[in-house]
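Multiple structures follow.
Consider the two complexes below, in which chain A is the common component and chain B and chain C are the respective partners.
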Partner chain A sequence: MKRIFLWWGERALLLLVSCIVLFPILWMFLTAFKRPRDAYSISLHFKPTLSNFVTVFSDPWNLGEMVVNSVTVAATTVLIAVPCAALAAYSFSRFRVRGRKFLFFLILSTQFIPAVVIILPFFLMFRTLGLLDTRIALIVVNLAIVTPFVIWMLKGFIDAIPTDSEEAALIDGASRFRVIRDIVLPMAAPGVLTATIFCFILTWNEFLFALILTRRNAVTLPVGLVSFRTEQGDLWNLMSAAGVMITVPIFIMALLIQKHFTRGMTAGAVK
Partner chain B sequence: MRDRPLSYLLLVPAFLIVLATTLYPLAYSFVIAFREWDLTKQNRPGTFVGLDNFTYAFTEPGFLNSLWVTTIFVVTSVVLTLFIAMSLALLLRRTGRMHTFTRIILILPFAMSPALIGVSYRFMFNPEFGVIAKGLGAIFPALQGVPWLASPDLSMAILVLTDVWHWSPYMTFMCLGGLASVPRETEEAARIDGASGFRIFFGIVLPQMKGVLMVVAVLKTIFALKMFDQVVTLTGGGPGNSTETLAYFIFNVGFKWYDMGYASALAWILTGIMMLISIWYVRMLLSERKVATA
Partner chain C sequence: MAEVKLVDVEKRYGSFLAVPKQSLTIEEGEFLVLLGPSGCGKTTTMRMIAGLEEITAGDLMIGGERVNDKPPKDRDIAMVFQNYGLYPHMTVAENIGYPLKLRGFNRQAREARVAETAEKVELGKLLKRRPSELSGGQRQRVALARAIVRTPKLFLMDEPLSNLDAKLRVTMRAELKHLHHELGVTTVYVTHDQMEAMTLASRVAVMRKGRIVQLDTPKMIYSEPANLFVASFIGSPPMNLIDGVISQGTFTAPGVNLPVSAADRGNVVLGIRPEELDLVPADGEGLFSGLLYALELTGESTLVTLREGTTVVCARGGADFDAPIGTRCALVPKAGARLHLFDKDSGERV
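Moving on to the complex of A and B:
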């Protein structure tokens, strides 16, 4: 009797947790398909419409430009950060040479620096260089956040790969670069993919840098949300449509690598 | 040691990135922190003022307020997140279809843009048409028409709520990782000996989770100190300056008042606080190791 009670209790709790997590997201999705009038009521009876998505992509909101900016910034950041970080992670994982412990600590400790500290000098430098409101500026600052993080994650993944086949290949006369390319990278592929997606998510959702460094030309999606706060009030239906545009690609990525994702979340931290 | 040069060569690209994107700006901001620089008046760093920017902070109400606001925010959000994450981890420890489903659902808040989370909660707590505000009003008539985000205490509570909603899942996964390393045999043995679930948790599981929980606590503290996005999109620091955290205050000083010297000094104070916490944490972990190996 007590057993059955516990069994149902546990499932009820899990259901409650899922609802608490899902509800705000579902509500945003519903609102994205509501007409303005329905968006300002909490009724669930409404005729769904796609007009919000049409509106946000047309003048004056031009979400399309923001999508291009977000994709360009996130993709370029990932393309620079992940290969560089992968090489560094391999070095940190496989070689035991003096001074590298300090370097590893140095790179990791940059993760503890608040973004507001580095954004001030960057703002001033980009201002002098005429790079404010450009995608280049955003890519540079995002590299600061993402690179140490990916090194940390990938080191955890590479540490877990046994070194036997690498050593055998080295004895057979293969070069280190060949070993990295042909043996380590394929084995670390799930880790690299996870790190890449993590890195993409971080950059895609980044808000502070984009808020300060962009005005019109390089605005990214999260900053675009703020523009739906107008003098006529907050345009919730449009904001939600933009929110859906921000969220859907990220959710798909996160769910695709779901198994590795939870491992990546704890990589390095729980040691 | 043919590989020695190579081992460093592999580090060069990543290290150059860190140098250019973090270490150089840090050094630059350190220099500015000791200067007077009003960006609306001059384009180059002004006169050297020694520690003035730092000492000014401790007499200025805006900074002292943000320090207080940050303390309240960090303490409540860390304690709540830690409690929820540990409870959820215990709940999710077993396997089953519902457990797997919940685990997958838990990935979503972490993947969501914090700025969007702020916006969504602002919408849902609107007293006129917000679904949570209305829902709470329907269930508890006393809460009808409560101006959630217009009251200093309540808007702080909602800010904490959004942060807990955002981070608890991530911290739950970290706790689950820690739980996985606790051997089940000892627990089973204790259960057979008739120990209660309560005693098993406090006597066996919790002591072994100490290291992980400390990592979680420190990471969460650092994330909470940095928290910025939701302040902008949820409360805008208000009402008044009741939710103006240190990170948001520095942003205001820098990009609304354009006082670069003062903003840099404040940024370094925030970094100092974080460094102190990290050092304290590393020392705690080290002493913990010593006890473990002794």
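Moving on to the complex of A and C:
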């Protein structure tokens, strides 16, 4: 009896939380297909239109450029951060070097610094370097944010892989790099994939630095959203259309993670 | 092919002394077996030779060259790991072929070599599987195949047959022996199975608590064990070890009265192998008289255990031997039988 009660209680709570979390997303999706005059009504009875999407991609909004910026910044960050972090994570996991723990803590501790605290120095630095409003600046900043996180995440995955197969490969004639490429990375593949996607999502959604460091040329999608708050008021329908453009890739990736997350690769390495 | 030399090699894990300082030379082309109970440092010794474990002190020479600081890949070694160390994301064929791949063999050459090697370890039908789809014995054979797929300077094998069933173990043993004969590659082989050690080895190093207590040919290890540990470890059934005293040229213990040619001393252990005792049905003279305690037919012979007081003695009798339990029997050493005397306190041979 008590058990059944708990079971239903649990379900009800989950449902409630899901509703609270999902409602704004649902609202955004609906609004993206509404005409401006329907935007404020909660009614489900409206005639859907794609005109919002057409509008945001044309002048003066030019969402297309922002998509290019966002994709470039996120993809480049991932392509640099993940391989570097993988090597760092492997070293932290496998080599017993003096000061290893302290160094690892140092890297992790960068994650505890609030972004607002360091944003001004970053601004001044990039201004001096003449890199304001460039994608390079955003990539550098995002690398600084994301890499420690990916190192920490991958180290956990690599720690869980038994060293036996690696030792066998070393004896079979592989160099360290070869071992990482042929043995460790394939065995850590679910972890690497997860880290890659997390890394992409973090960069894709990064707002604060992009807001301060860009003006016109390197504006990313999250910052672009702000421009829909105009003197004529908030253009909710357009903002939602842009919001859909931001969320859909993330949704797809979340689905991908889920599929790969459950697959264990270490089974069968040892007896 | 190379000579392997350990000079004053020592291994510590923190403050724990796993392998105390000692030297060992493994001759070129030799099949050296490290034999000893679990936890005595066999794997550690082997891992130091392989380069997987740092050597705390001393020098390791392979082929006359000091290799302490050489990475494993440059030592030209093949190794069978005790816990296999297979590549879980590769098929059996890819596992076996990996050492060849690293050495730049093309796909065709690899496939031919892999197929041939897999046949030797009876894995021909499983080449497409992954390690997770294999039994323990099959995984072990993959590990073995991966080691013998090429001809290195040195083979290291850490209990490579421990997980095979009895029949396959005998087959594989013969296969390994033949392989060694054919290639003549220096081999270090770790086992806790004295039968494997005796059948395979050119020389056996018996280890105890990290220390090599005897290093000799199987024949000498068997016929002249250096101490009680080796005496009791080698032979199945093990050597009879009887506590007693020697006075006026006679060894005495409960139920035992045996003339020996040794000086008088107390606290001595007499050893004699079950194979070197003859069963005499009647109560008679000789080594030992006792009551029949157990009979075990092994097929080609019968193991006969006699008991008198605290003394238990086992002998190997003919397959047709039979008598009721409790019968009084006597044992006499065969003509030319070896009697071994050990000091009870130090365990050393006297």
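We adopt the following convention: the second predicted complex is superposed on the first by the 246 of 271 C-alpha atoms of A that agree within 3 Å, B and C clash if a C-alpha of one lies under 4 Å from a C-alpha of the other, contacts with A are read in each partner's own complex, and residues count from 1 in each chain.
One rule holds in what follows: a residue touches a chain if its C-beta (ideal position, glycine included) is under 8 Å from a C-beta of that chain, and two chains touch if they have at least 3 such contacts.
Note that the structure is a prediction, hence the values are computed from the model and not measured.
When both complexes are overlaid on chain A, the residue A:238 reaches neither chain B nor chain C. Looking at the shared chain after the overlay, A:109 reaches chain B, while chain C stays out of its contact range.
When the shared chain is aligned, chain B comes close enough to touch A:122, but chain C does not. Judged by the touch definition given at the top, the superposed model places A:25 against chain B, while chain C stays out of reach.
Within the superposed three-chain model, A:132 lies out of touch with both chain B and chain C [touch as defined at top]. Shared-chain residue A:82: touches no atom of chain B or chain C.
Of the two partners, chain B and chain C, it is B that touches more residues of chain A. Of the two partner chains placed by the overlay, only chain B lies in contact with A:201; chain C stays clear of it. Of the two partner chains placed by the overlay, only chain C lies in contact with A:165; chain B stays clear of it. Looking at the shared chain after the overlay, A:140 reaches chain B, while chain C stays out of its contact range. Across the superposed pair, chain B and chain C both touch chain A at residues 265-266, 269-270.
Of all residues in chain B, those touching chain A in their complex are 3-4, 6-8, 10-11, 13-15, 17-18, 20-26, 28-29, 32, 88, 91-92, 94, 98-99, 101-117, 119-124, 128-131, 134-135, 165, 169-170, 173-174, 176-178, 181, 212, 215, 219, 222, 225-226, 228-229, 232-233, 247, 250-251, 254-255, 260, 263-264, 267-268, 270-271, 274-275, 278.
Contact residues on chain C toward chain A in their complex (touch as defined above): 50-52, 71-73, 77-79, 81, 83-89, 98-99, 102-103, 130-134, 136, 139, 143, 146, 163. Residues 10-11, 13-15, 17-18, 20-22, 24-25, 27-28, 31, 39-42, 80-81, 83-85, 87-88, 90-92, 94-95, 97, 100, 103, 106-107, 109-110, 112-125, 140-141, 143-144, 147-148, 151, 176, 201, 204-205, 207-208, 211-212, 221-223, 225-226, 234, 236, 239-240, 243, 246-247, 250-251, 253-255, 258, 261-262, 265-266, 269-270 of chain A are the ones that touch chain B when the two sit in their complex. Residue ranges of chain A in contact with chain C, taken from their complex: 164-165, 167-175, 178, 182-183, 186-187, 189, 265-271.
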